[in-house]
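One structure coming up, written as structure tokens, with questions to follow.
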Amino acid sequence: MRAYARLALAGFRRYSTYRQAMVAGMATNVVFGLLRMAVLAVAVAPGPIVGYDIATVATYVWLGQGLMSVVVLYADKHLAERIRNGDVVVDLYRPWHLQRALFADDLGRTGYAVLVRLVPPVAFGALFFPFRWPDVSAVPLFVVSTLLAVTVSFGMRFMVNAITFWLLDNRGVHSLYTVTTWLLCGLSVPLTFFPDWAKPILWSTPFPAMLQAPIDVFLEHGSPWPILANQAFWAVTVFVAGHVLLGRAVHKVVVQGG
Amino acid sequence: MIEVRDLRREFTLTTKVGRFKRKKHTVRAVDSVSFDIAAGEAVGYVGPNGAGKSTTIKMLTGILVPTSGHVRVSGVDPSRARRDLARRIGVVFGQRSQLWWDLPLRDSFDLLRAIYRVPRPDYETRLRECVDLLELGPFLDTPVRQLSLGQRMRGEVTAALLHGPELLVLDEPTIGLDLESKERLREFLAELNTQRGTTLLLTTHDLDDIERLCPRLVVIDRGTVLADGPLDELRAEVAPERVLVVDLEKPTEGLDDLPGVTTTRTELNGLRHHLTFRRADTTAAALISAVAARAEVHDLVVVEPEIDDVVRRLYARR
Amino acid sequence: MAERVYAKLVGARLRGQMSYRTSFVLQCVAQAVAQLTELVIILVLFSRISALGGFSVHEVVLMYAIAGTAFGIADMVAGQLDELPTYIRTGTFDVLLLRPLGTLAQMMASDLHLRKIGRVVGGVAALAYALSHNDIAWSPFTALLVVVAPISGAVIFAAIWVVANAVCFWVVDGQELANTVTYGSNAFTSYPTTVYGPWLRRFFAFVIPGAFVAYYPSLALLDRPDPLGGPALLGWISPLVAAAAAVVAGLVWRTAVRHYRGTGS
């Protein structure tokens, strides 16, 4: 456990070295937030849509802008690259569980991202737009929900990357994953805007657990418990699935020599 | 072929001073470099890392514009006539590829033919020659990404020669290659220079390249030319000692009083003698006859100073 | 003659990318899906509202379709300029300078993003849908405009790409800021310019001539007056704006490469 804590710390440090990139990232984030904000603000100007008034929209947009880099909504390619160039063999023979080690690193990254990627856009939104702060009692739930969102996202990214063991050029899988996530996680438009028949289908995929779930907890839309239960279910499911996938991959590498 | 006068190139670097302040300062990567290279020469351009070799090469090939000074390559000013120059010279960078990594070698060559507008018969003659001499045949249809480094380098050299350049510039062409690939490449380049008269300019860390290919050496350090001349002359100048190693039929003592000999070392109980002497004091021939007068000689060899040693002494001298 | 060279470069790229067939097909599909995702978002939004910035769902889809098609084409041709920092860092850019061709044309032709064809196809499909569901004042002029607008838009986007990425010759970490401008202008142009506040509008519609990609041409196709009070003529001058943008981009690129060769890396 201690080793994994150290890994998490190293992850935090590694990401905190890219300071210039961070400033540029913040500017980008704000510009895109403004563009999204403009469209949704005009949409709700005549009157609230399914409970979203201007303050809710602002909170949704700016919290989403912040969470998207905390949760990571695209498939990172780190592991895929290591699989492709064969370095992964080194990772596999280290005395650790690869999935857990990478998760520790990802949690470190999360910690850093909360500071520099989540706080600035939320602060920006709260300063320049009407904003809906939750009741104090919802804050710990929001923290738990965000952690679960990161876990689900990590689990999904791990699996998408692990596919590289079988499909060496997996750029296609990566792009498809990213595109699907952006639509179904609730980043572009609140999932509650979707037609009523579509909502149960959406929530039966792991995608809402990554972004819409923590946002809903923050906005106190409905009871938080079913949301957290949904997230917990997906977190466990994708983690176990990833574990099984890794086992198969190791078997493949060991038996077939890559 | 190449004419360089007072070539100078400065870079402005900004360093952080404290949290927000930045300080600009100018670094001279190349400072008052002058040399001429005649058509048909093969010249080694050597120096330690950061000496200004690559910067010079970039100015000669039109990638960088000099801060000041005069450059003519193949009769044109590289910084003004980049495209014109590109058709006349070939460039090989050991560490960056000009091939298309996901295409077969043959396709890359065909593309370069189109880019350089090489007439098909010329192209085919040149390609056939390179394929024969560099033995590209077995992997001509393999995508570049699957080639070994040695195979890729042979492809790179071919790629640089397809438009029939009169000058071939090579930046670290043998870096990372195994011994066999190095030797094959050197053989090819030597032939290119002597048979076809292509002018060669190469930078290298591997002094065997120079020994094998370049009668002339230009040594650069900290942006300025330290030495320029035939390898033999440089040797005579900075490393004047040579060693005569003689194996005698019978053990003999005391060869150190021979005229011109500075130091001696004896091995094999007096059967083998290393006699160090200076060119200025005596010749190898005179020394050999002097030895032969004393004892019966079984075998002998004259050892020249290692080229590494020559270059190291040149750096040490400044 | 020179065109033949570039055609060959493009052909080579096609062969190279096809060598990973499964992945290539999947990437094309992903691009098409990405394009239609934006359409789904518009439709979801309009399932809850009836007008956005004064425009109906089909009118907004028309703007989105023109912008999306234009962006797809531009991404195909100029998208690899995003790789410029890598080109500079690895010295690949120096290799381009060693060849007897222009650097910008080489970059565009030698690494064409063919998978983006999926995005173009998705955009054209959306455009066909939008044209059949809007009351277009059909005439030879509007018919021509339907073809010309996405192409002019593509030129404008490509010019934006060139200018934004040329910054990387000066600023090492300029990539993300460049992305803000390129991808941001895509997001901007997919919706009516009327939804944006004055600052965003000034920058994305006129400094970067984003309004000429889809907004004004759509107004001309729909034969609607500009709610922002612009003259009707604006809908027809996109090709001129595109030409001007291309000239500016060419000049900026030339200055940037000069700077690179003068200052080096």
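Of note:
A, B and C are the chain letters, set down in written order, and residue numbers restart from 1 in every chain.
Quick note on the criterion: contacts are C-beta pairs under 8 Å (C-beta built on N, C-alpha and C of every residue); 3 or more make two chains touch, one makes a residue touch a chain.
Everything quoted here is computed from the prediction, not taken from an experiment.
Both chain A and chain B are touched by C.
Contact count check for A-C and B-C (C-beta pairs in contact): higher for A-C. The geometric centre of chain A is 54 Å away from that of chain B, both derived from CA atoms. Each chain gets one centre point, the mean of its Cα atoms, and the points for chain A and chain C are 28 Å apart. Here the CA centre of chain B is 48 Å from the CA centre of chain C. Interface residues of chain C, counted against chain B in their complex, comprise 1, 4-5, 8-9, 12, 15-17, 19, 90-92, 94-95, 97-101, 110, 258, 261-264. Touching chain C in their complex are the following residues of chain B: 9, 11-12, 55, 58, 61-65, 79, 82-84, 86-87, 91, 93, 95-98, 100, 102-103, 107, 110-111, 114-117, 143.
If you check the complex, the residues on chain A that touch chain C are 20-21, 24-25, 27-28, 31-32, 34-36, 38-39, 42-43, 46, 49-50, 167, 169-173, 175-176, 178-180, 182-183, 188-189, 193-195. Within the complex formed with chain A, the residues of chain C that make contact are 20, 22-27, 29-31, 33-34, 37-38, 40-41, 44-45, 47-49, 52-53, 173-177, 179-180, 183-184, 187-188, 191, 195-197, 200.
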